[in-house]
Amino acid sequence: MVTCLGDLFYPEVGERIVRLLRRLGVAVEFPAGQTCCGLPLFNSGYHEEAATVARRTVRLFDGDTPVVVPSGSCAWMVKHEYPGLMKDAADRAAATRLAARTWELSQFLVRGLGRSRFVAAVRGRLTYHDSCHLLRGLHEAESPRVLLRALAGAELVELPNADECCGFGGSFAVRLPDVSSAILDRKLAAVEASGADCVVACDAGCLMQMRGGLGRRGSRVRALHLAEVLDVEGEPS
Amino acid sequence: MATKAEFLGRIRAEMARTPGLFTVAAAPWPARPGERLALLRRELAERWPATLERFARELERVGGVFHRVASPGEVAGLVADLARAGAMERVVAWAPGALGLDLAGPLAARGLSAVAMPEGDVAASERTRLREVAAVADLGVTGVDLAIAETGTLVVVSGAGRPRSTSLLPPCHVAVLDREALVESLEQAGLVLEAWHDGEAGPAGGASINFITGPSRTADIELTLTRGVHGPKELHAVFVEQGLARPRHG
Amino acid sequence: MSEPEVATPLRERTGHALRDPFLQQALTIATTRFIDLRREAFGDFPDGESLRDRARAIKEATLQRLDHHVERLVASVESRGGHVHYAVTAEEARAIVLDIARRSGARLAVKSKSMATEEIHLNEALATAGVTPVETDLGEYIIQLAHERPSHIIAPAIHKTRGQVAELFERELKRPAAPDPEALTAIAREELRRRFLDADLGITGANFAVAETGTVVLVTNEGNGRMVTSLPRVHVALMGVEKVIPSMSDLMVFLAVLARSATGQKLSVYTSLVSGPRRGGELEGPEEFHLVLLDNGRIAQIAGSLREALACLRCGACLNVCPVYRQIGGHAYGYTYPGPIGILLTAMLNGPRSVKDLAHASSLCGACADACPVRIDIPRMLIELRREVDERRIAPRGERAAFRALARLLVRPAWYRLTARVARVLQAPFVRGRTIRRVPFDLGEWTRTRDLPAVAPRTFQERWAALEREGR
C-alpha cells in the first residue's frame, strides 16, 4: 500500500521500498486503483465517508499476502480502525483479516522478515523521530531503532524528546497553523540540537511537516523516510 | 432543586442504556476487613523493624525528621530540645489520654509554656479560646494512629482530646508514635480504615482523618518549592521503642 | 448551558498565547518539570501500571452501579449528621450554596481549590449575594487577587512571575512584598490565616467521596483543605456525582496514582478524609456539613459517547504532555477546564456546539492517553466529538461539503489520478524544485511557515509499470 502522500509527494520512497524488498527476496505486488486509507476523513469525524473508503481498500487488498505500509498512521488506521468501521459482518471479517496481515515497514523488516542489518544510503549522523501513531498506536519504538542502530556507515544519535509530536496532525496543521508551527519549531530545535545530519521518520505526514519546516528554515538537516536511508549490502540502489 | 428521588431517577434512566458499554464488571472487595486485619497484624508484628526503617527513610524523603527514643519519658526532653533549637516557647499537645503521655508538666518544668487539650466535651466559648491557643502556639504535639512506611505518611484521627488544630496551626508539628501504628502500605492502611468503620474499636471517632506526608508545601510561584504555606513548616516523627500507654485499637 | 460562549475566535486566542513570550517560557518550564517528575515517580514504582488498570476498573465498575453507590453515600453522610443536596444544573448548584450561606448568615467564605466551583462560577454568585469568597490555595489566591482564571488544573498561576505576584500583593494587600517566593508565601500565610479563623463558611470540592463511610476526600499540599474543613462553622462540599467510589480500599488505589500523575509525589502532603460535621468531644469542626451532588451534564454521559471522561481524576497530567497545551496554555481554551481532557469536559458541560473549534485543537498524538492515570482514551473521544459536530451540522457547511467531496474522490481512482494531473498543472507557477513556498487559498495556511511538497512529476502509480518490469 503506497498511501496518498507516498504516491503523490514521495514516489521515490515507494520505489526504494519495492527495490529493497525485492533484494530481500520478497515478491512485490501493487494492487491498482489505490487512493488513500481514509484516515483524514476518520480523524475529522467523517466516519461514514471513511467507512466507504475503507471498504473499498479492504476489497482492493483481498487475499492473504502481507500488506506493507510505509506510514505508521495509515498502518494504524488499517489495523485499528478498519474493522470497527464496517457495518456488514462479512466486511468486518475481511477488514479483520486485512488488519492482521498489515505491517508498517520497519515492523515488517524486523519482526516480519527478521532482517535488521542494512548499510547506510546516507552518510553521517542520523536521529530518529517517533511518529505518534507508530509509537502510541502500534506501540513500536524498537524496530526503527534496531534498523538504524545496526546501520553500517551511519551513526544513530537519540533525539531529545523523540516521542513528542511534530505538530502535523493532519487537518490540524492547517486548522491551527500557528500552533502546529510552534510545535514544529520545538521539534526542529531538538533535531538541530542533536547534531544529526538527518532526521528519520516512518510516517509521510511527519516528514511532510518536518521537511517543510527544515526547508523553510534553510536548514542543512534533511528529513528522510526510513526507506531512504536503508540499502542492502553490496548492491547500492 | 432536584429531590433525591429525581436525581437517582436521572441516573437510573441513563444506567438503563449502559449494558454492553463497559468492559469491566464490578468486582467487590473481599468482606470481613476485621478478620483480614487480625491476620495482617500478626504478620506485621514480625516485620516491624524493617517497616520502621522504611518509614523513617520515606519520611525524611518528604522533608520530615525522624527521631527515636527508648521510653515515653524521653519525649518531653526531645520536644524541649526542638523548641529551644527553633526559639519556640508555646506548646500545645493532645490530651494525655489520647497521646499516651503527659507532656504539660515535664515541658513546663523545662521552661516552656505547655497546654494539654481537654478530653471531654467543652463549652463553645472554651472551644473558641482553645482554638486561639493553638493558633498562636509554636509547636503542636500529637499522637499517630497509623504510620505508612511506603509513603512516609502519618495518619491522625480527630476526636475527643485530639483536636485537628494541633497538627495544623502551629508552625512545627511533632508526632509521637510506637510500633503499633506501623503499616507497610497504602493498601494495608485502607484495610485498617475499613476495619475501623466496620466496628473495630477505631480511635476516638472524630469526623476528620488526615494523612500527613511531610510539611505543608507549595510550588505555586514559579514552581519554587516553599514550605509552611498554611500548615506546619516543620514535621518531626518521634518513635518510642517501649511503646505508649494509649488505649489500643484495631 | 452553564458557561457563556467565548466571543473571541480560537485562532485569535491561540495567537495571543503564542505571542506572549513570558507565557511561552513559563509553560515550557512548568510542563517540562511536571513531565519529568511524573516520569520519575512512575519509574520507580513497579506497581504503577497495574494500579492504573485497577483505578480505571474501579471507576467503570462504580459507574455501572452508580445509583447504588450514590444511595449508599447519601445514607452514610446522613447517618453522620450531614445534609445532601442535589443539583441538576450549575444554576441549581449555585442556588443551593447561596441558600446555605443565607441561612447560616455567612459573610465570609474560605475556599479550598475546587474545579467544580469554578465550573459553576460560584465566586461571582457569592459576591453578588454579599458573601466574600476567598480562595486559599496560594495559586488560586494569586489569580483571585488578579481577577483572572486558573490556567492549569493543578498549578493555577503558572503564568505569573514572582515579580508580578509581588506587584500584585503590594497593590491589592497594601503592604510591601519582595519578589521572593518564600517571602510571598509568608505574606499569603499571614493574610489567609486570619481569614481561616474569621470565616463562617468553608467551601470545598472533593477529589473522591467514599460511599461506604460517607467520607469526602480532599487532597492538598498546602493544608488549606484542612483549614477550610476544620475552622468555619459550616462546611459545604460540592462535587460532581461521578466522584463517588465504593470503599476505603478503593481510595488507596486512587491515592497511589493521583499525586504521582499530578506532581510526581507519592502522596500529596495532606489527604483529608471528612465524614460529616464535628462529633461530640471534638474541639473543632463545622457544626453543619453539606454535600452538594452535581450533575451538570455528567449523568447524560453515563451511557454517552464521553462516558470515559467521567473517570477523570483532574490530575492535569494530560495537560503537561499535550503539545498543544504546552504552546497555548490554559486560558486560550476559553472554558473552565483546559487541555485535552478539558475539551471533553467542556463538551460534557456545555454541549458539542461549544467545542466545534476546540475539538480540532489537538494533533491526536495520543500523549494524553498515555499519561492519564486511568487511561482515558482522549484522542478517540475527540474524534467522536468531531463526528458529532459534523452529524449535528454544527461544522461549517463548506467544510462538510469539502470532506464529502474528498470522500467521493477517494473511492473513484480515475478521479483521484485526474486530480493529481490537474494539481500538477495548477501548481506549476508555484513550484521551485520539488517544493512550493507559497500558495493561495486554504493551503496558504500551510505555506506561511512551511514548504509544501509539490505533486511529483510522476506519481508512484505512474511509475509502477516500469517498476514492475524491472522486477521481472
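First chain written, first letter: the chains are A, B and C, and each begins at residue 1.
Keep in mind that, in the parts below, a contact is a pair of C-beta atoms (placed from the backbone, for glycine too) under 8 Å apart; a residue touches a chain by one contact, two chains touch by 3 or more.
As the structure is a computational prediction, the values presented were derived from the model and not from experiment.
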| item | value |
| --- | --- |
| Chain with minimal offset from the mean of all protein Cα atoms | C |
| Chain pair with the greatest number of C-beta contact pairs | B-C |
| Interchain centroid distance [CA atoms averaged], chain A/chain B, Å | 55 |
| Euclidean distance of C-alpha centroids - chain B vs chain C, Å | 31 |
| In the complex, chain C residues that touch chain A | 10-11, 14-15, 18, 323-324, 326-328, 359-367, 369-370, 383-391, 395, 403-404, 406-407, 409-411, 413, 416, 420, 423, 435, 437, 442-443, 445-446, 448-456, 458-464, 467-468, 470-471 |
| Contact footprint of chain C on chain A as seen in their complex | 2, 6-12, 14-15, 18-19, 22, 27-28, 30, 32-36, 38, 40-47, 49-50, 52-53, 56, 132-133, 135-137, 163-165, 167-184, 186, 208-209, 211-213, 215-216 |
| Contacting residues of chain B [partner chain C, same complex] | 1-4, 6-8, 10-12, 14-15, 17-18, 21-27, 29, 58, 62, 117-122, 127, 130-132, 135, 150-153, 158-161, 163-165, 168, 186-187, 189-191, 193-194, 197, 204-224, 226, 228-232 |
| List of chain C residues in touch with chain B within their complex | 26, 29-30, 33, 56-57, 60-67, 70-71, 74, 80, 84-88, 92, 95-96, 136-139, 142, 155-158, 160-162, 165, 181-182, 184-185, 188-189, 192-193, 196-197, 212-213, 215, 221-224, 226-227, 229-231, 241, 246-253, 255-256, 263, 265-285, 289, 293, 295, 299-304, 307 |
